[in-house]
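Shown next, in structure tokens, is the structure this report addresses.
A, B and C are the chain letters, set down in written order, and residue numbers restart from 1 in every chain.
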């Protein structure tokens, strides 16, 4: 009688990588993973239904609460969708302020993901150090916008929160402190033999698979796809700002991390340009009359492309508001990444797509 | 590895980076969104804050005898999105940096910012009205030197119309003249804010 | 018809052909000059052909939005497929018959349509023909499909803060405390 060579192994749903629920069904051969299936839905909140029971102004706040790390991207893209559907053109100052808030959030989000990677590897002192560096970005958000996570910066037609000249000076002075600290961190992730031994060559997502699965954000750019909404279809102030799209061909966990860390420096460049170039003037445009129409909008969140679709009727509530978050496209790539890896790598690989479960399930 | 050891030693020498809260003070910037406050001098009860509040944390209740209204913000529902402050046409809503909201379950319904606004009789006909807040009246009648904002603000809309007509204070734009957007006048419900 | 800002003329022409008439096509741009093309397909079965065309051109599927036209007082279901190619968005809208809503699956063409199609199956009870793995995505098997077509109990619960009952309690209790 032959013994079966593969076994089913459940993993999750509690806190596989981050403190968010997702349930993996692994088919393992000894310690080696042969097949991955995942079940989600533990935090499905019916937010799209909630959105069609609220007026357009209220939905700005609601969409900001889809996710915590990319909260600003949601209200940003939602407001762009509403502006597209109603034909509102936002003032130049608002375009710069929106970009600035977005990039501050991006730096904090990328540093958070990088820190969690060290945490999963068991390199706790590095985790603490990266989080401490990130804390300076949190201080910027708290001082300028008034909250550590939900900036409440965007509103339909512009921004709610004007940034005063002293805040620009404050942001620049903080960046002068953060930038060398991130440079040190980047050097560690690029050269530390312990980190490289754990992450380089792990969780491979070849270019062809990345294209086939339509992955977005740093996951795509870590597999050599030079796709970035900020460059492909520029919005807000991005057409007037200089920055590079970072990509790497390593296709592994480490190259995704390095894409994120290099992007942090591009974000610093963008924030500095915003502080310098931000024109004076009004920060909001008046509302237009609501009429039945449809429109979409997209932007590059820290995790990749966010896509919003809105359909209005004659009322102040949207007939349909649908959005797709970057993580939604990246989950299926885990099946490719985890094949022939060991069970111990699951958390590390999951973290490398920078997953957001509550975003995905809405 | 050596690279990180250097950082580790530097961090050790610098000592803890956390604040000794609650035993000592902690970082609370001036702009942090802590508690919603309503200025009873400025609130007109228009309900724009209630309309823009996603959480339904704002309640405006008119007194049954028609002598005024009470506006309440329940801190436990408020998500501090600052929409009410942004869209308030009179600037009656502010958010201060008091974030100390921890409370026991029994006190939950007391976490309320509440203001009661009492109507006053129209100085001419006696109908109960909410007088126009003085700063708003000054703004509205800024271009008219013949009217005393402090007098006209105590008139009900009907008496104000009559008063306006009497003094021939109305300035209507000439036919075909299109006025550029004037920020001193609330032109529409559109969210315009400086 | 407004001038097309960006996009591939040959692809736009071919998709216009799939839509049947030029009236079913419109083009829009946002304030930053990004182009959006909207094509309305006459029957769901045309979708496979149009999607294949986009696949061949190298487009990427961005999102699929299903919605019903209840609020426009029409008993119809529509699905909008959003594709991206070279920074331009191509939207294909499919109108479904009301009695037995069904649409061909495009997962064989675009692997990332998988989750979107499973989501519209469970939230709108749309039948997707030929989906390789029609399991539930987020909702439990015990729930009926099509919950977004009806009331959503969770959101009623989430709206708790807005109910008049709650405000009665807050205002009454406040009175007692004072």
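Convention: a contact is a pair of C-beta atoms (placed from the backbone, for glycine too) under 8 Å apart; a residue touches a chain by one contact, two chains touch by 3 or more.
Keep in mind that this is a model prediction, so the values were computed, not measured.
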item: Graph class of chain-chain contacts, one of line, ring, star, complete, other; value: complete
item: Between B-C and A-B, the pair with more C-beta contacts; value: A-B
item: Between chain C and chain A, distance of the C-alpha-averaged centres to the nearest whole Å; value: 23
item: Cα-centroid distance, chain A relative to chain B, in whole angstrom; value: 33
item: Gap in Å, rounded to a whole number, between the CA centres of chain C and chain B; value: 39
item: Contacts with 2+ other chains: residues of chain A; value: none
item: Multi-partner residues of chain B (at least 2 other chains); value: 55
item: Multi-partner residues of chain C (each touching 2 or more other chains); value: 159
item: Residue numbers on chain B that touch chain A, as the complex places them; value: 1, 3-4, 7-8, 11, 17, 27, 29-33, 51-55, 79-83, 86-87, 95, 188-194
item: Chain C residues touching chain B - in the complex, by the definition given at the top; value: 159, 161-163, 167, 169-171, 173-174, 177
item: Contact footprint of chain C on chain A as seen in their complex; value: 40-41, 44-46, 48-50, 53, 80, 83-84, 88-90, 212-214, 232-236, 239, 292, 294-298, 305, 307, 309, 311, 313, 315, 319-320, 322-324, 328-329, 331-332, 361
item: Footprint of chain C on chain B - complex, ascending; value: 55-57, 59, 61, 70, 72, 74, 77, 109-110, 112, 114
item: In the complex with chain B, residue positions of chain A that touch it; value: 54-55, 57-62, 64-65, 125-126, 129, 132, 135, 139, 142-147, 150, 152, 155-157, 160-161, 184, 187-188, 191-194, 282, 284, 286-287
